[in-house]
Amino acid sequence: MAAQDNQKVITNNKIPVFHKKTKLTATYILIVVIAFYILSAIFTEAYPDRIITGLPIVLGFVINDFFPPNLGYYARVTPALIETWNMALLATTLSAIFALPLSFLAASNINKNKVFYQFIRIFLNVIRTIPELILAVLLVAFMGIGAISGIGALFIFSLGILAKLISETIESIDPNPLEAIRATGANVFQVIRYGVIPQVLPQYSSYVLYVLEINVRASVILGFVGAGGVGIILRQQMSLFNYANVSTIILMTFIAVTIIDFVSSRVRERLL
Amino acid sequence: ACGAGTTDEETTDPVETEEAGEAAPEETATEGEEITEIRMGFIPSQEADKIADTVKPLEEKLTEILGVPVRAEVMIDFVGLVEGMRTGQIDIGFLNPFGFVQAENRANVEVLVKAIRRGEDSYVAQYVAPADSELESIEDIVNTPGLVWAYADTLSTSGYLFPASQLADMGADLTTHFSPLVVGGHDNAILALIDGQADFATTFDDARDVLEGDYPDVKERLKVIGYTEPIPNDTLSVRGDMSDEWKQKIKEAFLAFNDDEEMIAVMNEVYTWDGIAEAASADYDVVRAVFEKFEEDLAN
Amino acid sequence: MIEFKNVSLTYPNGHQGLKNVNLKINDGEFIVVVGLSGAGKSTLIRSINQLVKPTEGELIIDGVDTLKLNDRKLKDTRKNIGMIFQSYNLVKRMSVLRNVLTGSLGRTNTLKSMLGLFSKEDINLAMTSLARVGIEDKAYRRADQLSGGQQQRVSIARALTQQPKVILADEPVASLDPPTSHVVMKDLKKINKEDGITTLINLHFIDMAMEYADRIIGMREGEVVFDGPASEVSEKTFEEIYGRPIKEDDIIGAE
Amino acid sequence: MNTKIQIEKPKKGSRYWLRVGISAAVIIFLYYIALTQTDLSYRGSALSPGALLERLFWNPFFDEAVLAKVPSYFGYMLETLAIAYAGTLIGSILAIPIGFLAATNVSKYAFVGKWILNAIRAFPEIMFAIIFVAAVGMGPYAGVLAIGINSIGMLGKLYSEVIESIDMSVLETFKANGASRLQTIWFGIIPQVVPEFASYAIYRYEIDVRSSTVLGVVGAGGIGAPIIIAAMQRSWEQVGMMLLIIILVVSIIDFISTRIRKRLV
Amino acid sequence: MIEFKNVSLTYPNGHQGLKNVNLKINDGEFIVVVGLSGAGKSTLIRSINQLVKPTEGELIIDGVDTLKLNDRKLKDTRKNIGMIFQSYNLVKRMSVLRNVLTGSLGRTNTLKSMLGLFSKEDINLAMTSLARVGIEDKAYRRADQLSGGQQQRVSIARALTQQPKVILADEPVASLDPPTSHVVMKDLKKINKEDGITTLINLHFIDMAMEYADRIIGMREGEVVFDGPASEVSEKTFEEIYGRPIKEDDIIGAE
């Protein structure tokens, strides 16, 4: 067969590297993405020249204001950071616990009841959508001022993220073992416990740590509503234009983030 | 205390300039500086009980008067505004007294006018306590140790700085006498009283109005037991490196609002200003003095 | 005893997977189902434990028409039916022993099983089952660390731990190389003989079917076209099943 | 069948137990601190949740003043969407090189990349916004830049994790081919990761839509300032209406993006 | 010509993968390397293009000792050596054609290749290579949509597009079923004959080795224990290679 085919192929001079259809789809996607970008850019006046003229100002901040950090300020930051950490830890723990059942309900391959499934997804969308700041304001209105409101805001917010991410992981697991376990006469809880959980555990723990980091950073915003932690002093020092102190706060947040990142990558390595 | 204003016709009159920019849609008006657009940052003061989230009417009016497009952006926090004024990206800023004092240090801004509210160019902070509280006056507060004191945050002029200064002057040791409860907003301070978390709160006069939607009986539940000394009202400032002509022009434009019913109505709507008065940096010395007392503590 | 009475199965997309199947499967038989790809072998086997549900007819297991059972009763029926899959279907990240123990879930209290509290008997049984397929030394390995043949033997051990009366195997050796396939088939045969467990196996390879089966069921386009002892299989039978004379490839074991 | 099979469960070394012990101790300590040091007393508010929810999500439909503002709210929302889109796109593209830099399996200097990403994430987004307001003035553009750089932090991290999980055996082929390093990345890695990258970028867009509200605080545009002001005013009807709009729009985006992402992966 | 002169290879962990190997491989030969798992077959083959680098001796390709080459020169050598892997190593999400075109990367300017600007000759060559293994109609399919045998043929086409003087294949058929294996082996043999490309293949299956090889190299524990034409392979040779008499399983193709 080869000889003839060779001939045919070689005489045909125009062989595209990409199939016409592939090319067309890729082009369409590119056009849509760019068109939206241009629209947004016009709308937001996001023209590159402006950032080029603004660049010296950005650098000025780094060189003149943030550097050098006032390291002596750490004594004030530490307790605040611990407070922030505590709120993040508790909120993450709660959301890690509650996200699990929710995400099973939000996974189409586990929850076969279409209506209930959609309801859960919409519910998750709603809680994920509310900006954390507004969430905090609302919770303060509900529950009064204090760490509880802050933790509550972080909890609700991270519950939405976690449940969504985990439910997507659940939806993409290997369905075959589930079938096998179902065939042994196991009930749905047993199928989840022995079929699903072992498969999602690594992703689950990696997402939980990811959310922990998000929560540590989000509590900065909660300072705006008096929910305590590093947010309050960050805002205070910003308002006083004490950038050397702000710089210290950022530096210490950086250390916290790096530690979480390190732990998270070690855990991932272990579990995968 | 209203300054004489120029009329609309005068300001919209095109003035020839040598460096009229190509980009300028309309003529600029000074020899010293070419301004093709005025950018105005607008911070709704926490001390006002009613704020509009739009400044469109103000934008339009100023565009008309100043002859260049004016663009205003509403923001919550003054840090961005001040930094923008420092780098020349923002021309006009509405700043609260404390913000102005900070901005003058950081960005060398210059105050042009200040607000008149209810006929005054200053306001006061109030001490609020539950209606059934034993506290009847500021003296009672100073004489009762261990009270839980709710306030918005330590940088709030009326929420903390002025009352704290007053209390300190009256002999209370701020570090030991109270147990402070920082709640993030004036409304929250009032809320803390309603919820029984605090013994008294300090807010602007009268923060209880904000809560009336949630608690129609808030004024019966909470009583005002005292006021601070007057705090100068919030300012309208411009960046320091603006040419004097433009400063003058902007100042006059705003002062002219005093003669313009419609604009005063607008100003009232967006910022509860019912008049505009000329202001000088010295008017804010009292704020500076109070701030200086706390500066050391706050910075560390 | 399992009895198909006029069983038909139409998939939701309208495809007819089984057409009026009538079969009687006696206790302790070792049956191999052969047929071309798409003939309906899997459909037949999977309808026994209702991983797919026949749409017509009666499927009687031990005197009960299982098609009429509710979910609870169906679970009870499934407990008595072990299943082995082509792709083993082990939970990769779990240890071999735990995988095998999942075979006992059907009779373990939900709460206890959630806490991982299996009875001593079940753990013993799981270990014994592993020993029967000769891989008890791998009990604490993670399932994905085993070779294909070993994984399939784990899945047999899992089925054994279920203490089923019936074992269904859907192409249990299709992913394995020939020698390993023989080991697995021998294991299955041995268990069938020793415990008298009724065994139904789908196979592609006719030579293997002939080698192990007591009885062969040939399928074609959803219908049973042959049913008889291996000895009765003739050149003609092949033609019936495959719609064409037998070719070398059928013997080597290709699709 | 009754004989008990004796297979020793593999013994974990003492170092293993030491590790487990230390980890457990650290975790217990952390929770102990968190639970004792945080003021968890719940005082409750006199405000009934029912009344608040009613004001948030029911009354707005009967409030003329709020209804009249709906078009302008949609305008703000549109601005937010545009800010988030431009920002996410910039961020998701710039995150690619940093993601590669931070991936341990392709980069010798992965730690540098990881540190850059951690530093970006440690920087409060509000601070970015302030800096960009100073650099380019108030308004949406500052928001775009703040969102953009902020997205790099998270996307870069997620990207690098995707890269770290790719099938490395394919790369051996390229080594055997005599392909250059860049060619190896372009032909061997990029095709493997593009769908995940795109999927994460789309996911990030949703997050950015939400987080761009925070930027309203410093005048970086969008629906942020109006909603926060309304909340400060305790004008729950307005807050509720804006929330409903955000929820509606984000749900639509979520719906579309889920479908796109399903097709990508 | 490829010549191993006293080549030894010690892995970083101290394991000796090759022990004093001496071999001469002439241009155009079709050689099959057999041996038990762990015998060092892969190590031998992979040391030719230095995916693993021998620690001692000389490895002379076309007169040059490649162990002394710097990275640049080594790349040039590698361009002349195509490689085929057991697991195909295709970029799954790329089209078949693009996968095949990556064979020409070594001679394409980096920038051009990234922009997808392959020369017309290379594209033609890629298509021709696909045609030679009989799957040109799949050119625009995504690689992961093909069956295993087809994927392996794509990887052969990729190696061909490289226009190598030598093709190395590390167990190219181990993941394939027997009939497909034969197709792939036939393809390799055909190419060897038509283009005169020196071909080295690792195989587990001795029957297959005998069927296709001109010359068989037997390895055991890192040493070459047999080297000669297929016709010389005897019962004794098996014993040398496997350390035990030949069994049925070796023939069917087990490990």
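Letters A, B, C, D and E mark the chains as written, and numbering starts fresh at 1 in each.
Just so it is clear, a residue touches a chain if its C-beta (ideal position, glycine included) is under 8 Å from a C-beta of that chain, and two chains touch if they have at least 3 such contacts.
Which chain is which protein? Per UniProt: A = Phosphonate ABC transporter permease protein PhnE2; C, E = Phosphonate ABC transporter ATP-binding protein; D = Phosphonate ABC transporter permease protein PhnE1.
Computed from a predicted model, the values in this text were never measured in an experiment.
Think of each touching pair as a link: the shortest run of links from chain B to chain C has 2 of them. With steps allowed only between chains in touch, the distance from chain B over to chain E comes to 2. By C-beta contact pairs, the most connected chain pair is A-D.
The copies chain C and chain E differ by a rotation of 175 degrees on their C-alpha atoms, rounded to the nearest 5. Farthest from chain C, judged by the mean position of CA atoms in each chain, is B.
If each chain is reduced to the centroid of its CA atoms, chain C and chain D end up 46 Å from each other. Mean C-alpha positions place chain C and chain E at a centre distance of 39 Å. The centroid of the Cα atoms in chain A and the matching centroid in chain D are 3 Å apart. One finds 46 Å separating the Cα centroids of chain D and chain E. Looking at chain B, one finds that residues 77, 79, 87, 185, 191, 195, 197, 214 touch two or more other chains. Counting partner chains per residue, chain A has residues 57, 140-141, 144, 146, 224, 238 touching two or more of them. Not a single residue position of chain C touches two or more of the other chains. Partner chain A is touched in their complex by these residues of chain C: 49, 51, 75-83, 85, 87, 89-94, 98, 102-103, 105-106, 108, 110, 113-114, 155, 158, 162.
Remark: chain E residues 95, 97-98, 101, 116, 118, 120, 123-124, 127-128, 131-132, 134, 136, 139-140, 190 touch chain A in the complex. Chain D contributes residues 167, 169-170, 172-180, 182-183, 186-188, 191-192, 194-195 to its touches with chain E in the complex. Of all residues in chain B, those touching chain A in their complex are 77-79, 82, 87, 99, 102, 105-106, 150, 152-155, 181-185, 188, 191-192, 195, 197, 214, 295, 298-300. Residues 1-2, 5-6, 8-10, 12-13, 15, 17-19, 22 of chain A are the ones touching chain E in the complex.
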